[in-house]
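Think of it as A, B, C, D and E in the order they're written, each chain with its own count starting at 1.
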Amino acid sequence: MMGKLKRDITDNRYKIAAVLFWITVWQVLSMAVGREMLLASPFAVMGALWGLFREAEFWQSVMYSFSRIVLGFFMAIAAGIVLGACSHRSRLVREILAPPMVIIKTTPVASFIIIALIWVHSKNLSVLISFLMVLPVVYSNMLQGIQSTDQKLLEMAKVFRVPRMKKMIYIYIPAVMPYFISACSVGLGFCWKSGIAAEVIGLPSRSIGARLYEAKLYLMTKELFAWTIVIIIISVFFEKTVMRAIHFVERRVKRYGS
Amino acid sequence: SEGGNGDTASEKTTAETGNEETGEEETGQAEKMDISIAGLKGATSIGMVKMMEVAANGEAANNYKFKVAGTADEISAALVKGEIDIAAVPCNLASVLYNKTEGGIMLAGINTLNVLYVIETGMSVSSVEDLKGRTVYSTGKGTTPEYTLNYLLQSNGIDPASDLTIEYKAEATEVASILSSSEDAIAVLPQPYVTTVMMSNDKVRIAIDIQEEWDKISNDGSGIVTGVVVVRKDFLEENQEAVDAFLEEYKDSAAYVNENAGDAAALVEKFEIFKADVTEKAIPLCNITFIGGDEMKEKVSGYLEVLFGQNPNSVGGKMPGDDFYYLKK
Amino acid sequence: MAVEIIDLKKKFEQQTVLEGFSAKFGDNSITCIMGASGAGKTTLLNILLGLMDPDSGTVSGISGKRLSAVFQEDRLCEGLDAIGNIKLVVDKKITRKDIEEEFSKVGLEDYRGKPVSELSGGMKRRIALVRALITDPDIVIMDEPLKGLDAKLKHKATEYIKEKVKNKITIIVTHDKAEAEAFGAEIIMLKKKSSRADESAC
Amino acid sequence: MMGKLKRDITDNRYKIAAVLFWITVWQVLSMAVGREMLLASPFAVMGALWGLFREAEFWQSVMYSFSRIVLGFFMAIAAGIVLGACSHRSRLVREILAPPMVIIKTTPVASFIIIALIWVHSKNLSVLISFLMVLPVVYSNMLQGIQSTDQKLLEMAKVFRVPRMKKMIYIYIPAVMPYFISACSVGLGFCWKSGIAAEVIGLPSRSIGARLYEAKLYLMTKELFAWTIVIIIISVFFEKTVMRAIHFVERRVKRYGS
Amino acid sequence: MAVEIIDLKKKFEQQTVLEGFSAKFGDNSITCIMGASGAGKTTLLNILLGLMDPDSGTVSGISGKRLSAVFQEDRLCEGLDAIGNIKLVVDKKITRKDIEEEFSKVGLEDYRGKPVSELSGGMKRRIALVRALITDPDIVIMDEPLKGLDAKLKHKATEYIKEKVKNKITIIVTHDKAEAEAFGAEIIMLKKKSSRADESAC
């Protein structure tokens, strides 16, 4: 216990040092550029951030965007897992899914926004976009992860007629986990990036995207940076939570039998 | 001291220009200087196409290098960097840039007045009053179209939040798709999207010219100002003559565009600003002009005041001071 | 019902591993398969386990039967501990205590809930052995089950196996004649196909 | 040889069937929607596509965008590999890189576009954006891949003092390969999606993005779809090429010694 | 120079595996380490190979020497073929022909350029053996090198090892007394620490 606590503190020390390092770089850069309009200084941004925190509307915006983007993310995770698993089991599914996956990965938002907006209200555009951004990452990593599962263990499971559920939990999941973690780590950031971008297009009122857009449009650099930091903080917080949940599940799986 | 600064910098510029002319002898007056000019794709750049053509043929007073940017961001960045000397930008952006650069940007003229129109597929709207209780589709949430529309509604005693529903769509194309699928939809769109929509859907007609409604409620000489020409202050102080010459040529160009919509539209397409067929129909409705001097100041300050009242951020947090306006003597 | 193999043939690309192989494994019998390295012992077991299809020939008496195996490699889940690896293949009827009892029969009292990746080679082997025998299968197939065990444990494990495989069909690959004799097993020698002949065909 | 050819043909048959299936779905949908302006029919789009193919300018646009986006992609692959490897070797590097990676993953384009445009010409915005989109995918998968390399083999290499280069090629690369393939498969699509989006922002003349923007602006739905298909085709073609190259390298590695 | 171990101690969490272990391995000597499963043989070898640090005690005579090992598991690159696995650890001086010659000494003529994953268990073991001995190391450390080989190959491999380890320091873990005698090796018995005692401390 003590060891873990100690390690946690050292871990955080490293992280804080890294963040401080980059803030210093930022400060130096902003001094070098010398124009608040282009590159606001850390202090100015902290001020703007503090100002935001005290607004009631700020928390509304955060909740509004958070709920939608996170919804898209979880839908993508769920769909990615299910589709990845189905694709692995059936060649037909894999081939049928190949073209739409390519389309999802490749088609620029500009192309399908007209069609998308027929079916989706611009309020929910961020759900859709965050979903579409994360889905192919999860799907592709799932497929690779399942394929890289140890064949010898699967043969063993076949001989011993290990029930499908147990096979999933104790053979597939440990093998797929690193791929899944990588997909989540990438997807968690991307869903924010793309979800907010969708809000910048759709501008639903009381969304982070709308506030960000306003800040950009009127060259309110301090606020622009402050909102960006808010997005990053939420994203990191969200990533931490999800990763912790994943590792928790992973540990539970490993502790089976003891 | 300002003049002194200007002088030294001016010398430097001349020297640089000399270098760029690849060793050509400095020949005083006859020498043309390089000026970088930028405009946005869309209505605010249409007025200068003739000048672009003239410059391309080498017949302009100076060497104009035009750039048509996709987004205002690009122009903002380039102005700040000093890569661009003169730019045609939306009116409020000029004020924002002025504030954010602490007066580094000056306003030289208005190039586009109102471009906003109320359009509909039915026959039910002929005045602002008629919008009461209806659903209106628009674009440009959080930008000048919203503030302009809100001001207009409020001035007519209509509360934009409760007396009607305004649905802001992400893109003009989205509004177009709604118009095409509804028998009596109302929308507020800027030119040349209005014309684009009308050309792809013949049921759409213009119901209200927002400028006319504006004129009804304000008699202070203000007006809707969509596009303006701005100059970098540094550049202006160093090259006042060249800027004046530019503005003269701009005026001619705007006049030419208004008189020869067809030829101008071809140029608009040539310079990749917009498509010719749409532009030709749109030009008469785009209120392309060139206004400088006190009239400019009056119109712009009145309009910025309105925007400021709606959202101070939209003009950069505070109203620009008098040094914002370049009033040529 | 006995397991019978008739005229089995298996080729890998140009290399013939099994050809014209026939054998019968009677009920309640232990059969040891011996043969040089590369003779095709593991291949034969894989075919019996249904993990590989033969090119021709028939195998009867397997379908519907419950199989279990000790593979040449241990094939344990490295992340799970000893108990977890057993639980993976048994149903709920078999309790933790049952498993611990089986473990103690092969001297595996001190696994300490460590993940398998932290156990010694001989411990892993014995876990694999217990896994194969705890499920009470009809047919037990083992590829060098006593590999890596010391003399004492070999003896212990042999007794354990003999006790558990009563009334089953048991097929064991071994390299040690003494081991086969200790099992009281019938011995089938697997001849290695000459590789030279094939090679010239490449 | 014959076997491979046969398999290839069947493979393609599946793929063609899948594509035909989706075209049918598209046709049915477009008939149901019934408005060419919203959802152009496959035939109309094929016509528009054919029209494009005969333009000289079309090929210029494709070359223009292709070269830039692909440049961004390869830069991201290279940087991702190098940074991933460095991060694995040194905790310091890993911690120092963590904040910028989060920022790259999370920050919406709207946030940094003004700064980006100061440093990067709008012509090259697509290089930057495609780079920034692919980098975190490659980095994250590289890191996971290296971490999942078999420790026992690495110990072996240490005992036998296997030179670093050989260790890379024969121990790390095979372990990292599936992660790398997954990263490429995701990244290849994303670099197009985001690169074109950047062009839609910057509108450099003669780029695909500018053409796409134009098509959208004038409600030229047929052309919009046609350009989208062009993007997808190029992306698929590019993905095929890159994947083939990767598998070629992989096979070369495996054939070592024989 | 001889390898000397003095008062070695190694614990894993609560479990003491090695304690007060001292030994000396002379030049040009073969030493066999024997002991029950879980006694800590592999742990000891890992410490000698520098893959694990002891908790206390000293190991001298290792640093600067060229080591090689046969691990308890084969630790081959599954994707490479037999030759590739050897080439991985040798420098260019050793040609393909040299490698093939070594292979033939342990009856490994028919590897056929297959990836290791398609070879039989005994073949893999012999590749691991050749890999350890082809590099002409100063110290050879082998964990059950003859595991999974049949009697004939065991004999062949024993001769091969004896030939190759002349003038080296050789440490071999084995479970088979006869094997140790065949090597003409000195034998060190490793006592297993009572696990009960530790367990009560948990």
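Heads up, the rule we're going with is that contacts are C-beta pairs under 8 Å (C-beta built on N, C-alpha and C of every residue); 3 or more make two chains touch, one makes a residue touch a chain.
Here the structure is a predicted model, which means the values were calculated and not measured.
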Which number of steps is the smallest that gets you from chain A over to chain C via touching chains? 1
In the contact graph of chains, the distance from chain C to chain D in steps is 2
The chain pair joined by the most C-beta contacts is A-D
Among the chains, which has its CA centre at the largest distance from chain C's? B
Gap in Å, rounded to a whole number, between the CA centres of chain E and chain C: 26
Interchain centroid distance [CA atoms averaged], chain B/chain D, Å: 38
Taking the mean of the CA coordinates per chain, how far is chain B from chain C in Å? 83
Would you mind pulling out the distance in Å between where the CA atoms of chain A average out and where those of chain D do? 19
Could you pull out the residues of chain C that touch at least 2 other chains? 73
Can you list every residue of chain B that touches 2 or more other chains, as numbers and ranges? 73, 76, 80, 171, 173, 177
Can you tell me which residues of chain A touch two or more of the remaining chains? 38, 113-114, 118, 213, 216, 219, 221
Following the definition at the start, I'd like every touching pair of chains, please. A-B, A-C, A-D, B-D, C-E, D-E
Which bits of chain D are touching chain A when the two form their complex? 14-15, 17-19, 21-22, 33, 38-39, 91, 95-96, 98-100, 102-115, 118, 136-137, 140-141, 143-144, 147-148, 178-179, 181-182, 185-186, 188-190, 192-194, 196-197, 200, 209, 212-213, 216, 221, 224-225, 227-228, 231-232, 235-236, 239
Residue positions on chain C within touch of chain E in the complex are 12, 15, 34-38, 41-42, 72-73, 107, 109-110, 112, 118-123, 126, 143-144, 147-154, 175-177, 195, 199, 202
Chain C residues within the chain A interface of the complex: 49-51, 66-69, 71, 73, 75, 77, 79-89, 96, 113, 115, 131, 135
Of all residues in chain B, which touch chain A in the complex? 72-73, 76, 80, 92, 96-97, 100-101, 141-143, 168-171, 173-174, 177, 313-314, 316-317
Chain B partner, complex, touching residues on chain D are 35, 37-38, 113-114, 117-118, 122, 200-203, 205, 210, 213-214, 216-219
